[in-house]
Every structure is written in C-alpha cells, then in structure tokens.
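The two complexes that follow have chain A in common; it is paired with chain B in the first and with chain C in the second.
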Partner chain A sequence: MSDSDGEPGSYGQSEEEERAVVLGIDFGNDSNMLITLLVGVFAIYLIGGVVIGLPFRGLMNQIGQLSFWIAVFAMSALALNLHWGYTGLFNIGIVGFMATGVYITGVLSKPVFGAGTSAAEVGGFGLPLLVGIAGGMLAAALLGLIAALPALRLRADYLAIVTIALSEIVRFSLLSDTLSGTDIGGYRVGLGGGDGLILDYGDPLEVFVRTASVPFDLVFGQSGWLWEEVYLGVIVEAVSGPIPTNPKPVVDNFAYAFVLLLVLGGFYVLITRIGSSPFGRVLKSIREDEDVTNALGKNTNVFKIKSFMVGCALMGLIGILWFGTQGSVTPNTFRPRITFYIWIALIIGGAGSNTGSVMGGAIFAAFLFQGPRYFKNVVETVLGNPSAPSSFGQAMLPISQGDVFPMLLYVLDSIRQLQLFLMGVVLIWLMHRRPDGLLGHRKEAASSIPLTRPAKNSEVATDGGEDQ
Partner chain B sequence: MSESDDVTVPDADADVGLDAGSGAADVADVPLKVRDLRKTFGGITAVDNAGFEIEKGSMTGLIGPNGAGKSTTFNCITGTYTPDSGVVEFNGEDITGLKPYEVADRGLVRTFQIARELSEMTVLENMMVAPMHQRGESLWKSVFSRKDVNDQEAEILERAWETLEFFDIEHLANEYAGNLSGGQRKLLELARALLTDPEMLLLDEPFAGVNPTLEERLLEHIHELRNEGYTFLIVEHDMDLIMQNCEKVIVMHQGRILTEGTPEHVRNNEDVIEAYLGGEV
Partner chain C sequence: MTAALVFIGVVLLLDLLRQLLTGDLAISGMLGLIKDGLMRGLVIGLAGIGLSMTYSILNFANFAHGDYITAGAFSGWSVTYLIAGGFGADANIGSLALVGAGGSVFGGALGINVVNTPLAVLAGLVVAGVLTIGLALFTDRFIFKPIRDSGGIPLLITSIGVAFALRYLILFMFDSDTRGTTAAGSVPGIRPLVLDGTVPLTLHDGFLVLVAGGLMLGVHFLLQRTKLGKAMRAMSDDESLARITGIPTERVIRSTWIIGGGLTGVAGYMFVLWKGTLSWNDGWLLLLLIFAAVILGGIGSVYGAILGGLVIGLTASTAVIWIPSGFARAAAFVVMILVLVVRPQGLFSGRSTA
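Let's look at the complex of A and B:
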C-alpha cells in the first residue's frame, strides 16, 4: 500500500515500475519511452533502406510514408481510447465514421458540377475545404448520436452490435445506386455509388499551408506567402539538391506527414485534457460502474453521448486526413478490417493510457502494418528480386526434393495475406502475456490538478474535518 | 461564489429544499414520505402498499426477513425502480419515478448493498467524482477553461482529503479502490456519498461483511454524522445492530409494513416475533 504523502510519482504504481532505467534512458518516463520507440523505428527503417541500397528518393518516400501511418494509427487509437479506454464504450464501427467524414467532406467541397466534370461523375457544393472538413466531422458526430441514442440505453454490448452494423450500413449506402447522384437545390451531388467519389477539391496540403499563411499574408502583402515563398521557394528548392528530378512529391509526402503529426499532437492534448478533468473522471467512473455514477447524481447518458460524439467527430477527421489525399475514395475501402486494425493498435498500447495509445499506433504502423511489406522489399532486394512460385503447389513440390527456398519465397510473396495472420498471433500473445497492453496497467490520474495532499491542510483536523 | 458553495463542507443544519410553499414546517420535520408504494415483478408483489415517514435528523432502521421487500422499497425510493403505484415525496416534492441521478441531485443519496467501489480508480478519484455540479464536468470547460476548473478542483481535493481523514482512511488515498478490504470499501462508499452534499442518506446493508472493529468505527461515524444533522435510513439484516442504534424501526414482511415504532415497541410486538424472529426472542 502506498504511503499517505501521495507524491505525484506514487500514483497507483510501485517504485520499481516507475524507475525502469535501461542504457541510461528512464523508461518510466512516458515521453522518453515514446521518443526512444520512434527513434528506434525510424533507425530500423533507415538502416534497412541503406542495406538494400535504396536510392535517396525511395528512402525518403519510405520514411514519409511511415510517418503518415504512425500518425494515422496513433490518432485513431487515441480517438478509440476516448471511447473504450475512458468511457468503456465498445465501438467496433470506427471505419463507418471515417467513411462518413471523408465522403461528406467530398460532397461539400467538390467543385460544382459543370463543364469540367465528366458526365459520369457528380459534382459537389464547391465549399472551401476547411468548411467541408468541419461538415464531415459534424456528420460523423451526428451519425454517432444516431447510433448512441438507442444503444446507450441498453447494456454495453449492444453498442458494439449497433456500431458494427452501422458501419456496414454506411458502406452499403455508399455503394447504393439510389444515393449515387441526385439534384439538390440545383447542385448535382451524390455519393458516387460503386465507382466511388473523385476528391477533386484541390490538394489538402496546399489548403492547410495557405490557411496557416493567413497572418503572414497580412504582413507580407502577398496571398499564400507561406506556400509560394517558403514551401515552394525554399523547402522544395532545397530538396532539389539531393533529388534533382521532380522533388515536390517527396517533399509533399513529408510535409503532409508533418501536418498529421501536428494534428496528432492536438489530439493528444485534447484527449489528455478531457481525460484529466472532472468530465473525464465521470467518464472513468461510468466505465467502472454506471449505476454508482448515476446514484452519485450524474446524468450518465449525457456524459456517454458527449464522449461518443467527440470520439466519432475525431474519427471522421481521421477519415478525412487519411483517405482525403488519395484523389478518390471507393466504398469498399471502408471494410471492418480497418476498425480491427485500430483495435489492435489500442490493445498493444494499452487502453486507458494516451501515451500507450500513441505507442500502440506507432508499433502497429511500423511493425504490423507497414513493416512486413517493407521487410519483403528489403529481403527481395537483398536476394536480387527472385521470382516466387505462383501457387502453393509449386512451392510445396521442391520441398520433397529438399529445397525449401521456393517455399520461403512463396511465403514472402504472400506477406500481405500473412500480415493478418501475424496480427492475430500478436493479439493472442498479448492477451496471454500482457492483457493490459504496454501501458494499460498504468492509469493516468483523472484530475486536472496533481492529486497531492493540499499543503495548507497538512495538520490533521481534530474536529473530524467537517468544519472549515 | 455560489458555485463554490457546492463544494465546500456540507452544512446539513441549513434549511435545504424548503421550497415547498404549503406545510413548510411539516416538510422540514419530515423530509421523506412514502405512501401506498407498490411494486410487482411478474406475479410477485415485492412491495405491497408500503408507507412510512422519516423524520429529519433521525436514524431509522428498515428490517425484515429475506424477501420482505426492503431492497425493492429502497430501489423505488432512489429511482432504480419505478413503482407501479404510490408516491415518494422528498421535502414536499413528488420524486416518484425520477431517475436515480435526479433523486441524488435533490439530496437523497444511497449506498449499495454490495460495496460498489470504482475499482480501477484510486480512493481519491472515487471521492472526487462525487461532488455535484462540478464546473469541469462541462466538456467545454474541461478543455478550454482549465484555470476555472483547477480552482474548484483544489477545493474538491481538499474536501476529499478532509472527509478521508474523518473516516481515518486517508492513508489509502492513492490506493486503487479495488485493493481495499470489504470494510474499507464500505467506509469509502459512505465517505463518497457524503461528498455529494446529501441531506439524507439511504444505506443498504452498510454493515454486511464488515469486521467488528470496522463496524464499530462505521457506527461511530454514522452517529457523529447524525448529530451533525444528517438523516439516515438504514436497511439492515442484523436485528441487534438496528435495535441498539436506531431510535425508530420499521419492520417489513411480505411487502407490507408490519409495524413501526421504537425498538422497544418492535421488540415486544407479537406479529414481529412471529413473522421475523420466529419466536427466537
């Protein structure tokens, strides 16, 4: 049992766990642990790239992509942590909220149907992208409300059923011919049906940079100063040294990943603030025992709905940032598998811990999602790109002659399929060895101030402490 | 500063909820009135036209054999169940069928038969959930107006410490509630309920599974609180405990109120002896 002094470090954990120092790095410190992890991941990728002699451009692309995936999965795990880790809401329809976000943004921000649009396509409302993003988040939040209203009155498991069904309803609605295109108030808009939606609202990165440029524009009297002068004029120019031909896409990748990491930082601050406040405390206590929370005078349904809608809006935003730069979206991208990727990321990191969520997202992105594909590239390049057998039979045959090499090549070639298998194995191992995830055993205090004993009241009240 | 009053030490002697215009004096003396309460589950009548009144500042015991309808009555009063018919009045206001949080909001706070601590939260966190209408319970303020929230948090924290000290469990403040012993959990539950600024406390078997030493302490605390003006209604199995500590006892049997009165009166009541004690006394 901990002592009554309750210094900040002694919050619900033993000293040994707190002071795990390896190689001079204090792993008990969350940010050190996170930085070590990220540096390690990037080092592995860089070394791998150097080993196979990847050209500088390819190497940079890999790093840019890796940052993108880390940011995307870390953000998703954080949003899910708000639902599951804090409030105990079992949301397995994450992908539906992502799809809603990116589709609604598309519909709102695509250019108006006109001469430039092909006849088979639909147009949009032509609103600015930032308005579209706000609309997409709002739509995801409202969808969350629709899911929550009937389900939150019931027991927790019903929310799971409702959300996964809802995410499939969203996907089938996106596939629907009826909703694929129609005229609303003179605008020809729709969801595009099975062909998907072309997201021709301009480059999001450019929009973000130009928006960030607004205060600079006032100073320098030039519209889009940050984009024209700094981004294109300085950064892209500088990179054209090491990458002489067409450096912009490489820099774009990096810059967009950087934007995502900034958003990730925002997510972290937001969700940490929510968690470490009286609001978050009520969420936590709902997770522990809803009846008790209710008996303490809290309207738990309102808290649950708020938490759910905020999480859904964030998931909508992730959908926009993730899929919104790919030029187009199709409904079948949004299969439940993405939802389960995010659950794996959260479980690895540890539900209930924000730092854990970010770490889980990073580990999932680096080792389970992007890692196997990268590994395949590295090994294949080292082996001189041999051709793998095209079927299982052809891979098995040489084994009888004692040659396992074709089988190994076949396995390597099927790594995209085996990835899911690998994720399953990791999950089972985690459930056995570390069911709380990396940091889930360590809960973050649900209070906006450190829970130390107030100094001015250190002498024990003799009157029973009920008078002031 | 009216908001900060919410989180300062409860002043149970102050007139609370005297908003009912008519019969104010009566209401002030008898905060809780239950009339003709009836609740059935399928074909079973768990509570059958039960009615009683609880006086302000009193400590009343509600006893009866298993299945007498004590817990159901409790749940009907606190909003966990909606009664089929009957009226529950608190401070002159009809609170029949209100949600549990609405009942608690009016100053009528319950504890549970099996101590229900929030096990993966520390004792302090458990305590700090309780104060009502905290500023930081607004999502907006918790994110964007931290200064405001922090000021109130400091007050709540101090009050939580003081209450823990009152119950002599401040050494457990940073322990996870799930690690406490059964008796400590009961103490925590009572302490937590106090932080909601209740006017009246409904305790559902507060002494079940508590060792005699802790039981003694729990009783002391309850007496002390009653002297400060809190009103108690206690459901309890242990006949002797109730007889020794409550000035009024209500006996339920088969959903009905069998009798009520002083422990002396109840002890000598023929019906009670027959129904509940089985001639044991």
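Let's look at the complex of A and C:
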C-alpha cells in the first residue's frame, strides 16, 4: 500500500532518482522504466530464438504469444488493482468472474442448436458476439454484487474466503450435470458440464475488425472492408513474403495481441481516470481508513460495491478475451491458480500503481509464465528433444550412480508444475523483501496540485512528494 | 434474515419427511449419508483445530494449511507403503516410497488396511503427524516469523505462496495420479440391518472415530488442565498483555504449531485411510471446508472447530438429499457464507480456545 513508513523530512525521491539514471535513461520516470522493460523483454526473446536458430515462423509465434500474455496479465493486474490497490478489497476469486464472463458470452453468442450440431453439444442464443460480451461482463458484475453484498461488512480475510469459495462454487456449477443443458424458450442451451463448451461463435478477431470497419463500409460501400481488403488483402499478403505457407495464423496471433494491447490501453486510461476522479479518491480513502471515510459522510458500502462490480466486469471481459479465442472452454481450466497468477503480477508491480500493474503483468508474463516454457523449448531444441524419465523415481535412480542428467531432463519436462512452485517461492520472497512491489511505495498527494516546493526537476512533484 | 433461514430449514425438513414417507429416500440411505458426513466432519474438525488455533493466536488465515494435510498424507502413506511392501520385498522400493507413482504399485495389491497391516498404518500415522509438525515449524520459522509484524493480510498472501509452492512440489515428486491406497471392499466391516436396508460400517470408520475422538479429547485436556492451554487462551486474547505477564509467547506459538501441525498431518493420513484414495489436490479441496468449519465454530475456538467440522461434514454429505450431487460441496460453502452474514463471530464466539 502506498502509505508505507516515509521517513519524515525526506523530500520527494531525489536520492533514489539520482541513482536511477543509467546509460542516459531516467529510470525514475515510470513510463521510461516500462518501455525499457518491454523492449528488454522482447529483445531477450528474439535473441534467445535467433541463438537456437528457431525458424522465423516459430519465432514470430513466440513473440505474438508473448504479447498476448503480457496484455492479458497486465489487464488482469489493472482490474485487480482497482479492487485491492485502490479500494482495499481482498478478492481472491478472480477466476470465478473470468469463467462467468466467458461462459455467459458463450451461451449468448453460440449459434442456435440445430441439425448441424452433435446431439451431445448444446447450442446458444445466436446473438452477435458483441452483445454476448456485454452480457458476459454484466453477468460477472452481477456475480460480483452477489459476492459483495454479504462480504463487504466483513474483514478483508473473510472477503478473501468468501470470494475464493464463490469461485469454486462457479466451477462446481460449470461442472454439474444439472446445468449442462436444458431448453429455455425453445433454445437448447446450457453450460456443457464437464465436457465444457465449444465456442463456435466465429473468430473474435474477425468480429472486432469487422466492427471497426463499419465507418469504412459506409464510405466504400462494401461490408467488412477493413477485414476483406486491408487485413486479408494487404497485411496477410505482405506477410506471405517471409512466411510463404499459411501466413494467416501468424498474422492472426499478432493482430489479436494488438487488439488486446489496445484494450489494455483502454483499461489503463479507465482505471487511471477512476483513480483520479472524486469517486476514486473516496475509494483510496476507504482503503486507508474506512471509518474516517464513513464519518465524513460517504456511504462506503455503496462505493465498495460499485468498485467491486466494475472490477468484476473488467475481469469478466478479460476472461472473454483470454479464453474466448481458444475454441472451447472446460470448467477445470478455471482453477484458483489463475487467481494466484494475477496476484503475483500485481504484487510484483506494486498494488496501488497502474504503471506498476502493467509492469508486473509484463514481468510475470515474460519471466514467470511464458519464460520457463520458452526456456524449455529452447533447451529441448538445443539438446535435440531428448526423452525424459517418466517419473520422479526414475529420475532419482541415476543420481545414486552420480548421473544427474536424467533428473535435469525430468525437471525440464515437468516445468509446468515447477513453475508454479517457483511462483510460490517468488511470492514468498516478494512478501519478505518487496511487499510494495516495484512501484507500490509511492506517496500520493491528497491535493490535485503539487504541494512540494517547485524543484528544478519537475518530475519530483508529479511523482508524489509529501502529504503536507 | 434469521426468520428466512428458519423458514428454509423447516421447508427442507418437511421435504425430508416427504421423501422418507414416499420412499424416495430410504431411512438406511439417510443414515448412511449421516454416517458419511460425521466421518468427514471428524477429519475436518481435527484439521480445523490447528487452523483455528493459529488463526486466533497469530491472527492470519493460513491458506497453506490444506497443503500441510496433503504433505502429511503423502509422507505417512509413503511410510505405510514401504512397510506394507516389505521395504522392497514386494515391489520396487522407489515406487513404494513414491506411493506408487505412475501406477507402479497399488495399495490394494499390498493389502493395506488396519487389520492386515496394523504396524504399517500406525507407523504411517505417526510419521504423517511428525513430518507435518516439522513442516509447520519450518515454514513458521523461515517464512512466517520474519514478517509476523506486518499484519494479517501480508501473512495471508505469503501463506498462499507457501500453499502453491508445497502443492506443486508434491505434484512434481508424486505426479498427478489419484491412487487407491487401500484394498477396496476388503476392509472388514459389518452391515447392520436398519428398518429398510443396511448401513455399511467398516473398521476404518471405527478407527477414524477412535483416533480423531482420542486426539480431540487429548486437546481438550491439554487446553483445560495445563499451563500451556491457559497461556494459549491468554495469547489469543491479547498478545502484548500475555507477554507482559511473563508468558513466553514465542514458545507458546511454537507449541501451537506443534499441536496444530500434528493434528493436521494425522487428519490427512486418516482421511486417506478412510476414503481409500490419495491425490495431490486432496488438501486444497478440504481446506475451504475447513475454513467453513472454523468460521462456523468461531475463530479460535477448538470446540467450535470440532462442532463446525461436524456440521460442515454433515452438510456436504446430506445435501444430496435435496440438491444434485454436483452441488454438495457448494452447499457447504453456502452455509459458510450464510454464517458470515448472520453471525460472523461464529457459534462459539468470544470463547477463544475454550
């Protein structure tokens, strides 16, 4: 939280800032730091790929995926920042809201059950995808309301238990046979039970581009001009130079990641504006001291519920953007570990800071989430895809004979499990060493104009400075 | 609110009566569910005592508690497999130590149950308790203690980190298979006839009642008759005051972890012995039910945890009388949320550790 023990008499962060200028780049400036971080991450991935001689297509896929994950985790951390960083609401049921968003979107937008669908599969209401997305966000917000009503009167740790229980209730409901399929008003719809839901509402990217194309369509008199002419006609064609065979999936990857980065930008602006609005100032004062805010005549419960619902709707949207392109969803995807990912991302960046949230999302995506998997690919390619022992026992056996190599292969092979172990250790380390994350330690002036003495370097004032 | 809850309760009872009268639900079937719920409740209560004590004395919700259960279960069963398998006489010693990872050894093939292999079971029980005590003390010393003063929420977040690190380390070592640990069907038992059918009672049910009941009684005497119990109660009331009056708070905290950890490990082992399967996710799935029990009983109250455990166990088991079985666990969570709304201080509020 931002009001950590500031030493009395310290003026801005001048000392820190002097140290922060490295190689002519001023790291005291948040956006410089963020840009340097992003450039560095992509450079590492590119160099890693070039060193092992990854084919151009594979390399581009990796970069596209990395952008996707950075956008997803940065968005999630921003939404969580609204809950925890701004309002102090301890939500550890994030995954439940994501699942609600994507499932409701699926139910609303899947094509109507008909002759073409297999008997085991359920249909949907066949609404346009954008309507479905709005519905999904609304459903997530309503679920947030249900969670918030009983829990907001309670201590933070109770809210934590209620939200995580709720996210598990959502998962059980998605798994249950009772809700897997039924007839509502002549439509055969349902949540699909353990088999999950096939998201056959068309390619979201195409829908987004065609929607963006509406003004152009009016000018050019052709439906989906931006998609047909610009996207397929120009961009995909241009890429077919370096990637001759089937370039579209690679371009799709990039284009979708680009869409997500645009949404991320929207999130950033939205959350920052919420934060600096009168509404946001009340949220921050609730975080610092709810009783005082109450005493000042603000109905804190209403503010908390609003903040919680907005955050939940955003989480629903992230769920849709994240899982909605994967063709199908199954309930057991939505285990609490996804919530855990997002918390780590937020804590790395620093709760309370939006730039920090984005940075935390990027660092988490690049080094903790995608990094180990990429590393595994790189090493396996270098070693020529060796076969790893199938169990811990078989990996342990050769160690007694002094051969550690099978163990290393087994470690590499189970990197998806070990990376969660690693994340747990990182979280513990962070809570010990940097509980405020990268940017969470800043003080925010309660006043909207800087109260510090005007310094030569104007950055000092905008970064915060003292309360008084 | 309370009136609405009473109304729902009456409706459910009437529906139960209807189901019994129309024969939709056999009386023996209902008794079977109740027995099942009580057994589950004993496990939840036993594991809940530790969570409740640390929650009230150290003032944070320990999300790693569920994975202490898993760790206890795996360590204990590793020893049980080793002894029952004759230290490699019946099967590869490595497979035995890894509790049959990858389907290499099956508990059924080793004929594990409390009558066939009493020594293996007892040794496993003890090891599960001891190892979990070690684990709890280790995490407290190196992970929780250094940041104990930073408040409940940072500790809670840290404990989530511990939980994931532990869970996935266990998954890494023991793999993700759910294994059968006891020879299903070969556990000696009786099937007494009750009115319209039989209610199966096995020796493992009895053993669970014996172990859990014995340990709960032990905790009761410990808290009521010893200085340690008094010190614990004093500490959960007011730590600073306790320290001023000369209570060695650090030693009391260590004792709390020892008692809580030991009970938790034993609960994990007994749960696996009773239900006959073992999986890396068991502890996590149990954890939320334990939280429900502890909150229901009132945080800090040992008797509350036991009673809450029984109520939550019964809810999770008997909920299938009224709702589809997929929602049984959800029903227990709903009960917890209702308790938080109606009586957030729990049933045994204000009577910390007593």
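By our rule, the second predicted complex is superposed on the first by the 424 of 468 C-alpha atoms of A that agree within 3 Å, B and C clash if a C-alpha of one lies under 4 Å from a C-alpha of the other, contacts with A are read in each partner's own complex, and residues count from 1 in each chain.
The working rule: a contact is a pair of C-beta atoms (placed from the backbone, for glycine too) under 8 Å apart; a residue touches a chain by one contact, two chains touch by 3 or more.
The shown structure was predicted, so the numbers you read here are calculated from the model rather than taken from an experiment.
Participant: Considering only touches as defined above, state whether A:Ser387 meets chain B (first), chain C (second), both or neither.
Facilitator: Touch status of A:Ser387: no partner.
Participant: One more residue to check, A:Glu288. First (chain B), second (chain C), both or neither?
Facilitator: A:Glu288 sits against chain B, while chain C stays out of touch.
Participant: Go through the superposed model and pick first if A:Gly297 touches only chain B, second if only chain C, both, or neither.
Facilitator: After superposing on A, A:Gly297 lies in contact with chain B but is clear of chain C.
Participant: Does the superposition put A:Glu168 against chain B (first), chain C (second), both, or neither?
Facilitator: second
Participant: Per the contact definition in the header, classify A:Leu427: touching chain B only (first), chain C only (second), both, or neither.
Facilitator: After superposition on chain A, A:Leu427 lies in contact with chain C alone.
Participant: Between chain B (first) and chain C (second), which, if any, makes contact with A:Ile92: first, second, both or neither?
Facilitator: A:Ile92 contacts chain C only, not chain B.
Participant: One more residue to check, A:Ser31. First (chain B), second (chain C), both or neither?
Facilitator: Neither: A:Ser31 stays clear of chain B and chain C.
Participant: Counting only touches as set out at the top, which of chain B and chain C does A:Gln401 meet: first, second, both, neither?
Facilitator: neither
Participant: Take the contacts of chain A with chain B and those with chain C, and give the residues found in both.
Facilitator: none
Participant: Going by the contact rule at the top, pick out the chain A residues touching chain C in the complex.
Facilitator: Contact set of chain A toward chain C: 90, 92, 150-151, 153-154, 156-158, 160-162, 164-166, 168-169, 172-173, 175-178, 336-337, 340, 343, 347, 390-394, 396-397, 414, 417-418, 420-421, 423-428, 431-432, 435.
Participant: Under the definition above, what is the set of chain C residues touching chain A in their complex?
Facilitator: 60-61, 92, 94-95, 97-98, 101-102, 104, 143, 146-147, 150, 152-154, 156-158, 160-169, 171-175, 284, 288, 291-292, 295, 324, 326-327, 329-330, 333-334, 336-337, 340-341, 344
Participant: Quick one: in the complex, what on chain A touches chain B?
Facilitator: Against chain B, chain A makes touches at 1-4, 6, 10-12, 270, 273-274, 277-282, 284-285, 287-289, 291-300, 303, 306, 310, 352, 443, 445-449, 451, 453-454, 457, 460-461, 464-468.
Participant: Mind listing the chain B positions that touch chain A in their complex?
Facilitator: For this pair, the touching residues of chain B are 8-10, 78, 80, 99-101, 104-105, 109-110, 112, 116, 118-122, 124-126, 128-130, 132, 134-139, 142-143, 146, 149-150, 153-154, 156-158, 161-163, 165-166, 170-176, 179, 192-193, 196, 224, 228.
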